[in-house]
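Each in structure tokens, the structures are laid out below.
Here subunit A shows up in two complexes: once beside subunit B, once beside subunit C.
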Partner chain A sequence: MPFAESLWGNLVQDLPLLVPVLFLWIVGTLMLWPLGSWLLKSMPKRQWSGITFVVLLVTLVLVFRTPAGQGFSGMFQVDGLTTGFQILAIVAAAITVILSQPQLNALKEQSVEYYALILFSTSGMMLLVGATDLVSLYMALELMALCIYILVGYLREQDRGIEAGIKYFLLGAFSSGLLVYGMSLIFAAAGGKTTNLAALNQALALAPRNAELMIFTGVILVLAGFGFKVAAVPFHMWSPDVYDGAPTPITAFLSTAPKAAALGAFVRLFGTAFNGVHGDWAAPLSFMAAASMILGNIAALRQQSMKRLLAYSSIAHVGYMLLAVLSHDAQAGAQAIWLYMLTYLLMQGGVFAVIIYLQGKGEGERIEDFRGLSKRRPMLAFAMLVFMLSLGGIPPMLGFFAKFYLFKLAIEQGFVTLTVLAFLTSAISAYYYLNVVATMYFKEAPEGEAQPMGSGLSIVVFATCLLVLVGTCLGPWLMDWTARIVLV
Partner chain B sequence: MHMTTWLIPLLPLFGAAIIGLLGRKLGRIAVSVIGVGVVLLAFAFTLRAFVLAGSAPDHRLASCSFTWMSTGNLSVPMGLVFDPLSSLMALVVTGIGALIHLYSVGYMWEEEGFARYFAYLNLFIFFMLCLVLGNSLPLLFVGWEGVGLCSYLLIGYYFETDYAPAAGLKAFLTNRVGDLGVLIGMMALFAHFGTLTIAELLTKVGHLSPEVGFGILSFATLMLFVGACGKSAQVPLYIWLPDAMAGPTPVSALIHAATMVTAGIFMVCRLAPLFQLAPITLSVIAWVGGITALFAATIGLVQRDIKKVLAYSTVSQLGYMVMALGAGGFAAGFFHVFTHAWFKALLFLGAGSVIMAMHHEQDLFRMGGLRAKLPITFWTMLLATLAIMGFPGFSGFFSKDEILYLAYLRHPALWVIGVAAACCTSFYMWRLMALTFWGEPRDPHAYEHAHESPWTMTLPLVILAVGSVVVGYLGVPEAFGGHFAIGRFLEPSLSFGQLHAHEGHHEGPAILLACISTVLGLGFGLFGFLSYRSGTALAESRAARFPTLHRILLNKYYVDEGIERGILAPVRGLGRLLWQVGDVIIVDGIGVNLPAALARLGGEFLALFQTGRVRNYTLGMVLGALAILWIFFK
Partner chain C sequence: MVPMNQVLLVSFLLFSIGVAGVLIRRNALIILMCVELMLNAANLNLIAFARHSGTVAGQAFALLVMGLAAAEVAIGLALVVALYRKKDTVQVDGINLLKG
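Take a look at the complex of A and B:
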């Protein structure tokens, strides 16, 4: 049986590339089915977050130990980009898991499925960033997204949550449609022979002149699909509503992990497959970046809900990162995005931890609720101050360095106008970030006792605060270290 | 070795840090011990460095330096240098500084902000040592600014009062004018020579010959001299120093008499080879110094506040020093810095002792007859008065005489001005002494309670008094059969190994000039003493005879009023204009509030699209994608 033998041989050869993903799948499956129901009886539910956290740590170790290489008939590849963005996805998931613990406890909504879904979604992201084929790319994207649809609507008791889940699902399905349609157009334009990214690039270069509209339409539709995933203007409209309605830990997850993964895939897809047709998609992408920066920052100004504010600001941050996707030097672009995403992840995690603390039992995520926080909980307010300054990119905070390297790259690549726009709009962002600080420090606290804080939450807040501060001190060397991890 | 030299400036810094941070918890005794101790230790280390530098082959001891900043072609090292000039000055700073610290323990004991005072004072010593010992102009400038800051803080020490913070502000702002000059001068030197390290600069200068006409050297030195005018209170930037007397009296003694105000003279001496090359600057310096000496001395004639008299006296004496520099007598100028530090510090401390005895009474016309009550204060102040008036054999005699002689060589008119100022000095000093210590007590109640100060205050008085008498013998001028030893000692610093015309040719009637000035000085001193010995009646009748002159002098030539009307009022008007048009309308309105309003409106507009309906969002996506296709497809 030569066929079976060669299949087996290939599998043995390629399987090491997928070890971390397989590990997640196995653990997730065990959690959902035999092990989960067996253990459930003997163990309090709240321990699942701890277990999930450990699982994610193990996955992280596995990611580091995965060898570089390509496999599965050129559908999956492990390189610096894959490893780097897999790390981001895992860290984001880990932060989410810690944040979920106190929130779900307070709501009495702990369940195994919740954590298993996070693990599956993470595995989807890990596949996505390594996908080197349109088919595997799409599959991974759907794996990631489907789990998140459920997680967004996880709190079945709350109408807002259900609405957000369904909204996200409908729009997500629609965007998937656009994406697949775009892919099929490109597939057709390239001669219908291959879906491998590298091969597509060559085929597209040889495509006849009259296929130009077809290719361009395909690229734009793919752009729309990815634009939806990273919430870039004009495909962003879902994000404020979904952020607002989702359980807060999931909002934290949503604003970091899928964006990191989608941006990683974005860089790979546009850096390899559409590399030659650069002139065609640079202009629309620049437009999307500029629109995201402007709209995100301006719309954030008038928000009163902290989660909506973060949704809009996240649109703006994606706008900045798209500058790096534009980069002609795909590797430098990936590095800049990676560093930016990493710092963004930390700051975002910290901010959401503070929000969850203030939320207590599902109420109070308005900016008003931060009044007088400096008096009631000075350490917490200080941490929030650090996060806000860092998110605003105010020197010398960590966020400043991330922005600095990103903008530096953009200037070097010749996107001067866009970078100036980024500077101006990030000046606008200082207003709403500092507004939160002013609310904490200069407004009188409302009546009532300070809520006790879960130890897990305070650890997250202070650890991330510490990380941000330490990162601030190490700012000048960050890019060198990033360059060692993210090698395309 | 290197470590201990670094300790010299760092010890006072540590002292300032500890006292400043923990002062309230430490208690007064611990604060005193730390505050005085660090300065005393610094003095001991300075003494050691002084001796070591003296035995070094080129009389220079450069302590290890590292690069402080390096950018472009500018590289500034951070290091200390001990040569005759800087080590002698450092000895003055730490030595007299230690005495005044000790004195302050007694003087400030009752004050609320005891620790704050000592923290500032230690910080001052640190910055002053940076200024003196720094091996580069930027480091000197750090010290220069730092002492200005400490001066500001200490002048405004009694911050509850109205006048003290205002006086501090005045001192700071006036000094800023001078500091700008120093900065411009430094930049000009850097542009021309490409270095700011003092040793390198002076080495490069050595190959040049004196500048003919007004060139870059004249410009740079003139700008530096503007800075010296600010710090050393020369016309027209002297106005801050009399007001600076609002600070505690020991501060007046240390900062506004003995050390900081001589920083300008020190800087010129430090760069003496450079100034040698700019004859235009030198003549400006000489005339500014001469004018200041006479101008301030005449104002001092009629002041009633004991500290104000001493303040104008300081301005006048600084004028002498500057005049000496202008006459090319760098050693003579610095010698006067050195002797003046002793007797002027002593005069201020003595005045402080009197003020404290009189329960914070500073009006001379309310004192009188304190001779018996304050014997130590009286005798030590008497010695200081003899020294400052130039009584033969006392320190002021030698240093002042050398300056007057050099002034004569420069221009006889300068000599006349100098002698006139010396006569005024004698007069107002004896007036001060007579009003304080002789005659009937004019405030019987305060007189009853007056008592001699504690040992912490009298011990410094005695030590300083001894110094006031003897330090003059370090520089007996050649005209009196001496060798002007201090001049030879300073020679390596001032000429920096280059052969310039040796100062003081000693032609002309040196002895005759000295006799004239001394006799005149003694005469005016006697005149002042006799006029005021028995009270103020004689003086008042004389004032009534020359009402205009008296009023002009009493109001200090109306300089403050002139500055208020001529400079400050227009500047304030400009400021108001810029505030109401430039700031309120243009910056705040058009620059800030308009874009902010637009952004907010934009936010409102964008919110219209956030309907919350899936069908609208889907439409948005489709329209977005179509729009992009439409716009960008070529």
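Take a look at the complex of A and C:
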């Protein structure tokens, strides 16, 4: 059986690349199987999130130990970009898992499946950022998204939960339809011979002139599909509703991990396969970036709900990050996005920890609820102040350095108009972030006090606050250093 | 052999019907079916061009798309059932709590 032998040989050779992903699959499956769920059910429910957290930490170690290389007939590649964005996905999942514990306890909705789905979704993201083939890219994207559809609709006893789940699912399915039709057009235009990204780039360069329309349509459809995944204007309409209706820890997850993974794949796909047809997608993508910055920031101005405010502001942040996708230098673009996403992840995790801390039982997420927080809980208010200033990109906070890096790259690449627009809109964003700060420090506290929810959260709040503050002091050096160790 | 232009035309028609259905129809189940049409339009392209060039990459892709479509439908139907239990309707116009 020479065929089986060569198959086995290739598998043994390539498997080391997938060790972290396989580890997540095995643990996730064990959690769902009778034995694993029996073991888990014999211990207190509140420990499940701790176990999941440890699993994610082990995965993080495995990611650092994975050798660089390419395998599975050019389907999957481990390089700096893969490792870097895998780390982002795991850190985001770990923050989500810690945030989930108190919230799900309060709602009495702890279940093994919830944590297993987070693990499976994370494994999808880890595959997505390393995918170097249309087939593996689509498969990983669906693995990531399918798990998140369920997580968004997880509180199915609440009207808002199921509504958010249905909305996210229908638009997500529609967008993956656009994406895969776009991919099929690209595949057809390239002669129907290959789905490998690097080979596609060469094949598209040789495509006959009458295939130009097909390539253009395909690229635009793929762009739209990715636009849905990262919630860029004009494909953003699901995001505020879904952020609002999903369980708060899942909102935190949704606003960081899938965006990081999708942006990583975005850079790889457009930097490799569509590099030769840069002219086809540069203008639409610039439009998407500009529209996201403007609309995201302006719509955030009039929000009363904290989760919706964060939804619109995250649309704006994606707009800034799309500037780096536009760059002709995929490596530098990936680096800028990685740094931005890392700081965004920390700030966002901290803000959501504060929100969950304040939520009594699924309520209390309006900006008004932050009135007088500086008197009631001074430390918490200070942490929120740090996160808000940092999200607004006000120097010398960590968020400022990330933005500085990104805008510097955009100017070097010659996108001066877009960068000026980004500066102006981020000045608008300072208004609504500072509005929250003003509410905390200068408005009187309401009657009655929200019920505090647990000590795990305060650890998250203070750890991220500390990280952001340390980053503030050592900002520029730290940025250079982290970028160098990860994205070589 | 069927000319490739006609394959592209048919798949484009299928895709357009799917997109139009998603945008026009308000029944969650019909929207799901229209998404399936969009995926199958893509499958048609993939298979036809793989056959045209005599390689198998596209056919493997089409098989994978079918499998993922089935998984997607399973989750979608579960969500629709949950919606129906809660609201007694599968019309997406009926869900409008989240706004702003």
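Simple rule for what comes next: the second predicted complex is superposed on the first by the 473 of 488 C-alpha atoms of A that agree within 3 Å, B and C clash if a C-alpha of one lies under 4 Å from a C-alpha of the other, contacts with A are read in each partner's own complex, and residues count from 1 in each chain.
We take it that a residue touches a chain if its C-beta (ideal position, glycine included) is under 8 Å from a C-beta of that chain, and two chains touch if they have at least 3 such contacts.
Given the structure is predicted, the values throughout are model-derived calculations rather than measurements.
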Contacts of A:472 with subunit B and subunit C, given as first, second, both or neither: neither
Which of subunit B and subunit C A:240 touches, first, second, both or neither: both
First (subunit B), second (subunit C), both or neither touched by A:134: second
Which superposed partner A:428 touches (first subunit B, second subunit C, both, neither): first
Touched partner set for A:178, first subunit B, second subunit C, both or neither: both
Which superposed partner A:83 touches (first subunit B, second subunit C, both, neither): neither
First (subunit B), second (subunit C), both or neither touched by A:167: both
Partner chain(s) touched by A:283 [first = subunit B, second = subunit C, both, neither]: first
Partner chain(s) touched by A:220 [first = subunit B, second = subunit C, both, neither]: first
Subunit A: partner with more touched residues, subunit B or subunit C: C
Residues of subunit A contacting subunit B in one complex and subunit C in the other: 166-167, 170, 174, 178, 240-241
Complex interface listing, subunit A residues touching subunit B: 166-167, 170-171, 174-175, 178, 213, 216-217, 220-221, 223-224, 228, 233-235, 237-238, 240-241, 280, 283-284, 287-288, 295, 298-302, 428, 431
Subunit A partner contacts - residues on subunit C that touch it in the complex: 4, 8, 11, 15, 18-19, 22, 28, 31-32, 35, 38-39, 41-43, 45-46, 48-50, 52-53, 55, 57-58, 60-61, 64-65, 68, 71-72, 75-76, 78-80, 82-83, 86-87, 92, 95, 97-100
For the subunit A and subunit C complex, residues of the former touching the latter: 134-135, 138-139, 142, 146, 149-150, 153, 156-157, 159-160, 162-167, 169-170, 173-174, 176-178, 180-181, 183-185, 187-188, 191-195, 214, 240-241, 244-245, 303-305, 308
Residue ranges of subunit B in contact with subunit A within the complex: 596, 599-600, 602-604, 606-607, 609-610, 612, 614, 616-618, 620-621, 623-625, 627-629, 631-633
